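Going by the order they are written in, the chains are A, B, C and D; count residues from 1 in each one.
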Amino acid sequence: MTDAVQTIDVAVFGAGRIGKIHAANLARQPGVRLKYVVDVNRAAAEALAAQHGAQVADVDGALGDASIGASVICSSTDTHADLIVKSAAQRKHVFCEKPVDLTLERARSCADAVARAGVVCMIGFQRRFDPTFAALKARLDAGEIGTPEMLVVTSRDPGAPPVEYIRHSGGIFKDMLIHDFDIFRWILDDEADTLHATGSCLSDPAIAEAGDIDSTAVTIRTRRGRLCQINTARRAAYGYDQRFEVIGSSGMLQAGNLRPTEVTAYSKTEVSTDVPEAFFLERYRAAYALEIAHFFDAVTHGKPVRTTVADGLKALELAQAATRSWREGRAIQLGEAS
Amino acid sequence: MTDAVQTIDVAVFGAGRIGKIHAANLARQPGVRLKYVVDVNRAAAEALAAQHGAQVADVDGALGDASIGASVICSSTDTHADLIVKSAAQRKHVFCEKPVDLTLERARSCADAVARAGVVCMIGFQRRFDPTFAALKARLDAGEIGTPEMLVVTSRDPGAPPVEYIRHSGGIFKDMLIHDFDIFRWILDDEADTLHATGSCLSDPAIAEAGDIDSTAVTIRTRRGRLCQINTARRAAYGYDQRFEVIGSSGMLQAGNLRPTEVTAYSKTEVSTDVPEAFFLERYRAAYALEIAHFFDAVTHGKPVRTTVADGLKALELAQAATRSWREGRAIQLGEAS
Amino acid sequence: MTDAVQTIDVAVFGAGRIGKIHAANLARQPGVRLKYVVDVNRAAAEALAAQHGAQVADVDGALGDASIGASVICSSTDTHADLIVKSAAQRKHVFCEKPVDLTLERARSCADAVARAGVVCMIGFQRRFDPTFAALKARLDAGEIGTPEMLVVTSRDPGAPPVEYIRHSGGIFKDMLIHDFDIFRWILDDEADTLHATGSCLSDPAIAEAGDIDSTAVTIRTRRGRLCQINTARRAAYGYDQRFEVIGSSGMLQAGNLRPTEVTAYSKTEVSTDVPEAFFLERYRAAYALEIAHFFDAVTHGKPVRTTVADGLKALELAQAATRSWREGRAIQLGEAS
Amino acid sequence: MTDAVQTIDVAVFGAGRIGKIHAANLARQPGVRLKYVVDVNRAAAEALAAQHGAQVADVDGALGDASIGASVICSSTDTHADLIVKSAAQRKHVFCEKPVDLTLERARSCADAVARAGVVCMIGFQRRFDPTFAALKARLDAGEIGTPEMLVVTSRDPGAPPVEYIRHSGGIFKDMLIHDFDIFRWILDDEADTLHATGSCLSDPAIAEAGDIDSTAVTIRTRRGRLCQINTARRAAYGYDQRFEVIGSSGMLQAGNLRPTEVTAYSKTEVSTDVPEAFFLERYRAAYALEIAHFFDAVTHGKPVRTTVADGLKALELAQAATRSWREGRAIQLGEAS
């Protein structure tokens, strides 16, 4: 194949948990080379760079290298917008973790910068690449259950992040439900008309003190009258729970959890199986690999990406509406002046 | 056992689908005798009476017979309140199908009448007697998953009733979700603080013309901050779907559907099992038998019933709040002047 | 319906565990009346008779009553043959628990007696009436998986009966696997050509001292070359396990266990469901009711029964061959002089 | 870590389906380099070599290179013994696909050669490395279900290989059940005392003409009296089916199939999930990666391998006994002069 002839050099920003995942996955793409790792934590940058035969650089050094074709942004949320804008300015294609930014204004300016530069910008909504979720979506699109009418999303984390993280996270709706809002738009193939969100802080008062909640219940009604319910928890005692089901006019499709093994145990008192995969790194291992492959495939072949910066904006709008709904105790009409 | 020495004679009001179920079940209770069947449709009354060696009577005849110890009310909703009040006046114990009435005012007067007469009045929330639901509740009460934090209820019918029925049903929230509101109160062991309901008519425009909807999404936040989401559909193309799950501080309990058989088929393209039990008569067969046994056990031994007229009122209040929330497009504070 | 006009009076022989089940089930058949209960344990006979408004009688008294239309034989195995022959001689239809007898000779004389008398004789292979097993068989017969090729039967009891019982049981193959041999013939719709059986005593040396084993592995090859494997245990620590699967030329059908409830629990370490129904009385509750209904339907309407005395003989032949294979450590050709 | 300092150069023999798998997996091991690909089909060797930056060589060239530390043998079965012996003679460590050889004599001479040379020789029983099977084994070893008493193995392929392959395969017992015999020894941790095998050719008469069968039923009784039943089919119409269950003195453990996705579909007539993973390359993808990692870990650190040439011999003995049992229609005492 001649596809791999031209190599794309890549700079990864952020050498944390998710940066390591993306670095390892992109290192496996034919025709892709990890050239730079950038992180304010120099030791982390060096360790990751060493692992992949890459170099450590700072932002300007990395983006100033004309040979770099793409930025993979996995740094903290507050750096996303700046890195997107700078990358676009240097005509680098961009893969950026969610969310684009915590404010719609800055997120919109990212979208503008990307549009002006004419570069690819993909947002890391990896769930769309999960083989189970993607298979469900393909069957839905093939008409297997007729027209979608309702979506029920279960999205629970096994434990809350540190309160210090929560304080700067933008709140549960922007930090955690942003994924679920993207699932909603993708699966129901429609936009929100009204949204109602409520929630509670049930697991740890420190979360409430940080101005956030740990359990939410969101309802969206779409322009076409379709319904969506999302329930989330920052701490599901039994583990990571990622399921959804779509009711259509002629059937239902459910996406279930994955398990580490298929062992079933029979004791005198119960029949048991494994708990679901521990957390997102395990649950979405395949999805992370597939989304990076998709990004470089799009960049190399000039194809559209599946999760654009516009999708990032839309999810952020929903997260903002949900935050407002929760704070004001009322249903929100999307499109209300915010 | 001497329990069965004294026989309770019973009048059943309503010889339709649910009347037949209750008649057959009470006929199996030791110490219980079906004496009268009352129905405006004389042929139906006669057929059911003949099947159980009972007699046909009219309301006054049945309630005027001093030997009758209990009324089992399975007639149409608009007759419930009147029959409860008349039965109570004659010191008959009352088992009445849900809902007590479509208006809170009349329902409250039923509660008053029952209280004054000092008779037992049990409302037919049979789901609490379903072996699966009851086992879940017992494990929850035993502390298996810690403190309950969230409840997600899936409650879908396989098909809508005739539009003529819908027109007089009081709407989906009083007709269908009344059961789910009772489940909510029973499982979370808490009362609603705020409620939000929305919905759509997606399956048949005639339902919208009758002033109703066929799909709903309800969210309740309780006084203690617990969350509940209920999603319902009058027409789930794949059948009758009755599930719920409770997330607690240390685990989760799910109540699943029942299936007619445990056959699994492997073809070249899929592994398949039965669809859930067809509808409520099949799904709740055991529950109907157990609730009638519970009623007569309570009546005979002076024990409290598990689903009182007060529970009927509370569920009706929630149904009314949901109807209002849906119509007005806003969240409702329970206790608002209605 | 005029079907129920003529009432059949019935004598039940044996007031033990299974006698009680059959008595209760036949009492529910329209047109069937339990007239006599016969048991050497007079107190047991009286208790069961009292429960159903029947009388206690001895064998000759019961069979000498010309009004008796059918014998339901649930007494100990060593009495079966005698009661069948005597019942037939008095032109009573016969329902008899498995096995017909422990020896082929006596079992054959029962078959002869029944044939001479021209009465119905049904053997209590209740598993054929289990809704799950029967649904599987119906789908198999409808061609859903093509031609059957292999059958794997799992048949495990939750605990061994008392050693005293085992000593007179005829051994595990006649006592326990007789049901599985009937399942084999019914499902594969073919007869055994060769059979190999082996086994061990693994749970309790007292069983070995009684000349029996508690775990068996049987393989049958049919005349048409179809294969069957049966694995059994008298003591499965985790409960009663009754499953089988049929591989056909175009698919597979599995019959699974039934569970008391459909509760699923998620803890930090596992996802668990109920263990299967505790034992045969629970697992085959529906089957027992359906087989008795089938028997009286056959008797009343002159229809053939599904499990004939010939089926009883065939299962016994296999049990005998299995016993021999195990004892002699070699495969047996069915039809060998035994 | 200094573990990876010294690189092991490897020669892969066989560039077919399984050779490609092993080549790709070993290329991912740190400290392991694929140096040569050897295949009589030069084009296949070149393609695989090119993919991994390796060279094409012939047997003597590859084994004559002193820098080569290990042979990975994935060529056709008839070449295994020769390559093992030659590799051992050159002090190369050996990873060889099953079976060692089709005759016990040559297999034993391989074991001798390996022992004399003091090299590692691992046989490719990859199932022991499957995460589900390995987790079951670990729980069994931890005593979760007490002492193992019975093992039931289901092992069915989705379709038979070409008859030409079957003709030289050594027959179904050496070709296919060799894996199941290894599972038996590994799980029950015991050796066979007696073995009975039977079988049929049910899917394609050409298989019978080639002297083989497509469906088998094997029973093994171990020295300690434990039982094992294995049922296999070369063509399971519904796909690749790889399950087993172990009954222990205090519970049961089952290893189930893996599915491509966790989508569940509800239609009007059934609830369905995916069929199992298509075939061994998909089902055992993780196992193949883990076994190669295990091999190089053992070679590098001087640890014992989990599946030795002795295990290969034992499995072959069982396959040979099974072949004989089937042909002679009798149970075989292991250790009989063969």
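Observations
Here is the rule we use: a residue touches a chain if its C-beta (ideal position, glycine included) is under 8 Å from a C-beta of that chain, and two chains touch if they have at least 3 such contacts.
Please read these numbers as outputs of a predicted model, since none were measured by experiment.
The interface formed by A-C recurs in B-D: of the pairs listed in B-C, B-D or A-B, only this one shares over half of its residue-numbered contact pairs with it. More C-beta pairs touch across one of C-D and A-D than the other; that pair is C-D.
Centroids of chain C and chain D (each the mean of its C-alpha atoms) stand 42 Å apart.
One inter-chain figure worth recording: chain A and chain D are separated by 40 Å, centre to centre, where each centre is the mean of the chain's CA atoms. Shown for chain C are the residues that touch two or more other chains, namely 145, 237-238, 241, 250-252, 265-268. Within the complex, the chain D residues that touch chain A are 131-132, 135-136, 139, 144-145, 250-258, 260-268.
Those residues of chain C that touch chain A in the complex are listed here as 237-239, 241, 265-276. Within the complex formed with chain B, the residues of chain A that make contact are 145-146, 149-150, 152, 154, 156, 194, 196, 198-203, 215-217, 219, 221, 225-229, 231, 233, 236-238, 241, 247-252, 329-331.
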